[in-house]
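Just so it is clear, A, B, C, D, E and F label the chains in written order, and each chain counts residues from 1 on its own.
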Amino acid sequence: MRPSGRAVDQAREVKIIRHFTSHAEGSVLVCFGNTQVICTASVEKGVPRWLQGKGQGWITAEYGMLPRSTHTRNRREATSGKQGGRTLEIQRLIGRSLRAAIDLKKLGEFTITLDCDVIQADGGTRTASITGACVALVDALRSLQLNKSIKTDPFKQFVASVSVGMYKGEAVLDLDYPEDSNCETDMNVVMTQEGKFIEVQGTAEGVAFSRDEMDAMLELAEKGCRELLVIQQQALQAL
Amino acid sequence: MRPSGRAVDQAREVKIIRHFTSHAEGSVLVCFGNTQVICTASVEKGVPRWLQGKGQGWITAEYGMLPRSTHTRNRREATSGKQGGRTLEIQRLIGRSLRAAIDLKKLGEFTITLDCDVIQADGGTRTASITGACVALVDALRSLQLNKSIKTDPFKQFVASVSVGMYKGEAVLDLDYPEDSNCETDMNVVMTQEGKFIEVQGTAEGVAFSRDEMDAMLELAEKGCRELLVIQQQALQAL
Amino acid sequence: MRPSGRAVDQAREVKIIRHFTSHAEGSVLVCFGNTQVICTASVEKGVPRWLQGKGQGWITAEYGMLPRSTHTRNRREATSGKQGGRTLEIQRLIGRSLRAAIDLKKLGEFTITLDCDVIQADGGTRTASITGACVALVDALRSLQLNKSIKTDPFKQFVASVSVGMYKGEAVLDLDYPEDSNCETDMNVVMTQEGKFIEVQGTAEGVAFSRDEMDAMLELAEKGCRELLVIQQQALQAL
Amino acid sequence: MRPSGRAVDQAREVKIIRHFTSHAEGSVLVCFGNTQVICTASVEKGVPRWLQGKGQGWITAEYGMLPRSTHTRNRREATSGKQGGRTLEIQRLIGRSLRAAIDLKKLGEFTITLDCDVIQADGGTRTASITGACVALVDALRSLQLNKSIKTDPFKQFVASVSVGMYKGEAVLDLDYPEDSNCETDMNVVMTQEGKFIEVQGTAEGVAFSRDEMDAMLELAEKGCRELLVIQQQALQAL
Amino acid sequence: MRPSGRAVDQAREVKIIRHFTSHAEGSVLVCFGNTQVICTASVEKGVPRWLQGKGQGWITAEYGMLPRSTHTRNRREATSGKQGGRTLEIQRLIGRSLRAAIDLKKLGEFTITLDCDVIQADGGTRTASITGACVALVDALRSLQLNKSIKTDPFKQFVASVSVGMYKGEAVLDLDYPEDSNCETDMNVVMTQEGKFIEVQGTAEGVAFSRDEMDAMLELAEKGCRELLVIQQQALQAL
Amino acid sequence: MRPSGRAVDQAREVKIIRHFTSHAEGSVLVCFGNTQVICTASVEKGVPRWLQGKGQGWITAEYGMLPRSTHTRNRREATSGKQGGRTLEIQRLIGRSLRAAIDLKKLGEFTITLDCDVIQADGGTRTASITGACVALVDALRSLQLNKSIKTDPFKQFVASVSVGMYKGEAVLDLDYPEDSNCETDMNVVMTQEGKFIEVQGTAEGVAFSRDEMDAMLELAEKGCRELLVIQQQALQAL
């Protein structure tokens, strides 16, 4: 039934390659099937002005797509003079999600910026970004501990994210682009190791969804996130 | 337990005043307690370029807050040179929600712009905006039918929206500002007359929420939306 | 002769509703006939950088129109990325006019921002804004005195504003939109309680105006402003 | 009494040098004492979109100051990303004033842009700009007639402009920078050959002005404009 | 003498990986040592407005750096609202250089956009971009010929680019970041297969360079470009 | 062979008029034939933030063209909201070139801004700007020494600039607009008194250039710059 031939509860193959580029404190290439995102975590001393003197750190995120990461070329946001509404919405989501992974008090007055840049898009770029950024964030925290900038580990919990949706009347896990552009409902879920939710964002694209359908989608999302949480931790076992 | 003394499943008093200003085809002042939003529906001939020649119409929305609708003055977005991420996110949400109320094919090549301008904010401005804009939209459609611009009614269904959240460990309905700024989870729900969902956006602010908490919040949201759907229809019974 | 049937020296009905919204230190809805403007006065500690350390305060103004305050919808300035020339011109005028009402030295290092947002436009939005903002300003100064932030009253004098013009060869008072868009000359006058002028801005729209016509218009403006100055003070007699 | 030693009704020496640069259809250097402005009139085929098909032309104006035309360097507007409120206000004034000089119907579908760029500022840049732009406009109209682009002369009347003000309690003509920055009232007047007004813009800077003071200023303005109208016509007698 | 231990006339190892991402008509990862740039060539029907109807095509380029491609994080240009001067300068250079590789007449009314996005920076990003973009361009032209959009091959000649400089008094080839930030002169050269120059841009950073030094640098640049031209052609021998 | 009838190694007549406007510390009108540029040097206390506390000064440049300095009117950059790529490239070049004339340490914490505004363009505006700005800079340094703001002269050497190119197969000196828009190669050279280069920027416009052609062009550039260096020094001999 699915264009890719996957079972309804089958996610795409996930790869997480750490140390992908050399300058960032954390740098990950994350692949959800053909969707590929470079996630870097950059540590800077200091915090935004409105947090100064509160003895805590900050996590923020920025998101971008290379102009030709998509089927047809999209205008470069730097030339159009501003980030679009979709971009702002996604980077706000990534930032909120990753702040849930951290005890900002323990981080101290450091800012960590998570840059998620899509180099190839095939659906699920925001969920891949969150999942990959979490790994980059752990690497950045390790570097802060290694150079003794912080004493206690501010990491609280892993967060992972996956999309689910109603496609041709059935709940499916991890939509790729052909599904994403034809589904009735699209839902992005961010979940912690404890199985609790950070974000649930479901949007009907044309056909409203019932409470039963919502339940079916949430079930799949929990399964998908659990699998991702394992993959994240495996990736981090190597040095 | 609630700062306002309301019961956990009690929404604020809702007022919908039609014909609030004189120029727009639909013009509504909607009040959710102390939250007050002017919603106008403006009809214009023609559709955006990317829809031209497809024989359908378009619904879009814009959202703004008067600088002193809030406790402390916010910078006017027109002077800062761009709409912020929160504004863009909200107006995209309003637009998507109201497009679900309409058969765009039957609308024909008209664009209806829903402007939601908050004149007094006390929590729930986006849910009040959606609820009020739906009434303004109906008035605009009536004017199109009255002057014979369209032959069949493109209206499909009412949509209403309310916020729910986890506040001090309990699920509560229709958060006002003191609750909104202190809750553990904030969820905005957009529902149709048939009890189906257009949007469910739940965000943990600090503490992740469980599946049970999500269910409790959804229950309240259904109750709140049903009440709003009645108020919308009552408001429209007068001329 | 006038579309509204008014006598040439007859202004529209004026209403000034104080405490219109709840958060601002001063908040007024002012109506010149069908023209309706929300004027808020917001007090903030501190002054712009170029005034720091000079021991004086500052009054500034911002002006906006809701997109559908007009007959046809205007583009929202926040989406077009900047305030237009007309907007900037009007808000500079409002700011200059109200600074004449105040002894900035006595205000101390506070900034009061006057936001004038038009919710319904029918000609004369800038004159209604100045007239209403003056009342909002008085309320804001009262709040500063009530909470002991300032000791002496910085208020010097009331200022009121009205438009006059040459319409079908005759001088008329307080032009509404049908007159404004067809007049030969449009003149906005800002006057103090002592009958002196703060601003006189006359513009020929097509036909130049003679010295005699100018004198006739100024006479009407004085009459109109005197009436407004009474209404302002009556509005402020209540608490 | 005046810093320059001039009599109260004495304007500065005025120079109008035509053909100042070579590319524009009209190009004038105008000097009001030490104030120097390059005014060019550029003819382009076509009119703005909102005038298309109405069989008339358009006159528009743009104003700028070289960054170091002033005592201390001002930020270049091209680098700050927008024209300031003062600039927009002045160029709108120049455009309105010069449109009064022309029968736009007779111009046909041409747009003439008047660029007024201040290379040295010493007060009165807007009045010098209007006075100089009028001469550049006549030269541009001559070139249109020479190359047979238009058949009848669209020129209706000369317009000239001068500033007057209240300085140390007396009405004075043609304020230079030391006066302009210390005067009680500043008034800019645009007048036609027939002695009628196109614009009268009086602004109190600190002290409100009485009706008598206004009359005294208008008298001086009439004298000043009459002198300028002679100088404009003399400048145009040469080829 | 060189920080990397390379001989003065020794370039870094160069890798060119074609088909690096899947959507673009041409997609190359080019590595000059640790400098890594993704170069995509995107084909679109039509040409910019100023070229319409001239029966020719257009080649344009855009350049960007991921925020953490550098040692310390750079601000994302999409958030700062504009491309900086360095970016604009580089993308103009890339565009000019690649237009020299093509007969625009034979291309017909197609636009090819070359996006060069630096994912890791270690000096020489602009020269790597030009060298890689040329290979991506050839792949894009092949796809146009394969799908019969064009009949004759518009490719004229390969262009390659390398930097040279004066470092500690000696001419060196292909500067990496430690050299680039400490050299006396930096020169970027773009050369064709025939050994002719498209661009020579030499800039003294502190110490002016003599004619003899210029000759020495040009010699090295010719050697470096010749080597790159071989590598480009080898990369294109595979399918 | 040249449209102007000049010999291939003959530059245009050069004029340098000092004290052209009155406010700037250095103010020069420079003419390369019909190309006319106003160059002002403005001294301000302080340095950009990134240089603070390093005990050195800064030289920066800005470039602009009056809208009708060209054959057809160009859009004013202040109205289009940003400086174009060409403008940014040129002002970066002017700044780099003039920094080579100065010992920034000896300047102390002053910033000198060189504004180069083209009032009439006929090719070579950037080379005229550099040549004229150097003279304005010397005047500004003299004023700093006169008022004892600096003790030692920070001036190191004169820099001058000229364009050369390949036109109809021959190397020519100092291209005017008809040559510039039809040449095969355009090269801008900035040279010091010692005959060393600060910048060499050669760009093939259509036809690549050989090493021999490059040598021929450099020879002419040296001749041209030597002549300009004499004219600069002569201009500065007067007070």
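Following the convention adopted for this analysis, a residue touches a chain if its C-beta (ideal position, glycine included) is under 8 Å from a C-beta of that chain, and two chains touch if they have at least 3 such contacts.
In UniProt terms the chains read A, B, C, D, E, F = Ribonuclease PH.
What you see is a predicted model; the values in this text were computed from it and never measured.
With steps allowed only between chains in touch, the distance from chain B over to chain E comes to 2.
Two copies of one chain, chain D and chain F, form a contact in which over half of the residue numbers belong to both partners.
Note on A-B: its contact pairs, compared by residue number with those of D-F, C-D or A-E, agree for more than half at C-D.
Mean C-alpha position of chain B lies 33 Å from that of chain C.
Here the spacing of chain A and chain C, counted between their Cα centres, is 50 Å. Averaged C-alpha coordinates give centres for chain E and chain F that are 28 Å from one another.
Each of the following residues of chain A touches two or more other chains: 81-82. The chains touch one another in a closed ring; read from chain B in the direction of chain C, their sequence is B, C, D, F, E, A. By the touch criterion stated above, chain A contacts chain E in their complex at residues 21-24, 27, 34, 36, 38, 40, 42, 44, 62, 64, 66-73, 76-79, 81-83, 87, 113, 115, 117, 119-121. Contact residues of chain D toward chain C in the complex are 82, 84-86, 88-89, 91-92, 96, 100, 187, 192, 194-204, 206, 208-211, 214, 218, 222.
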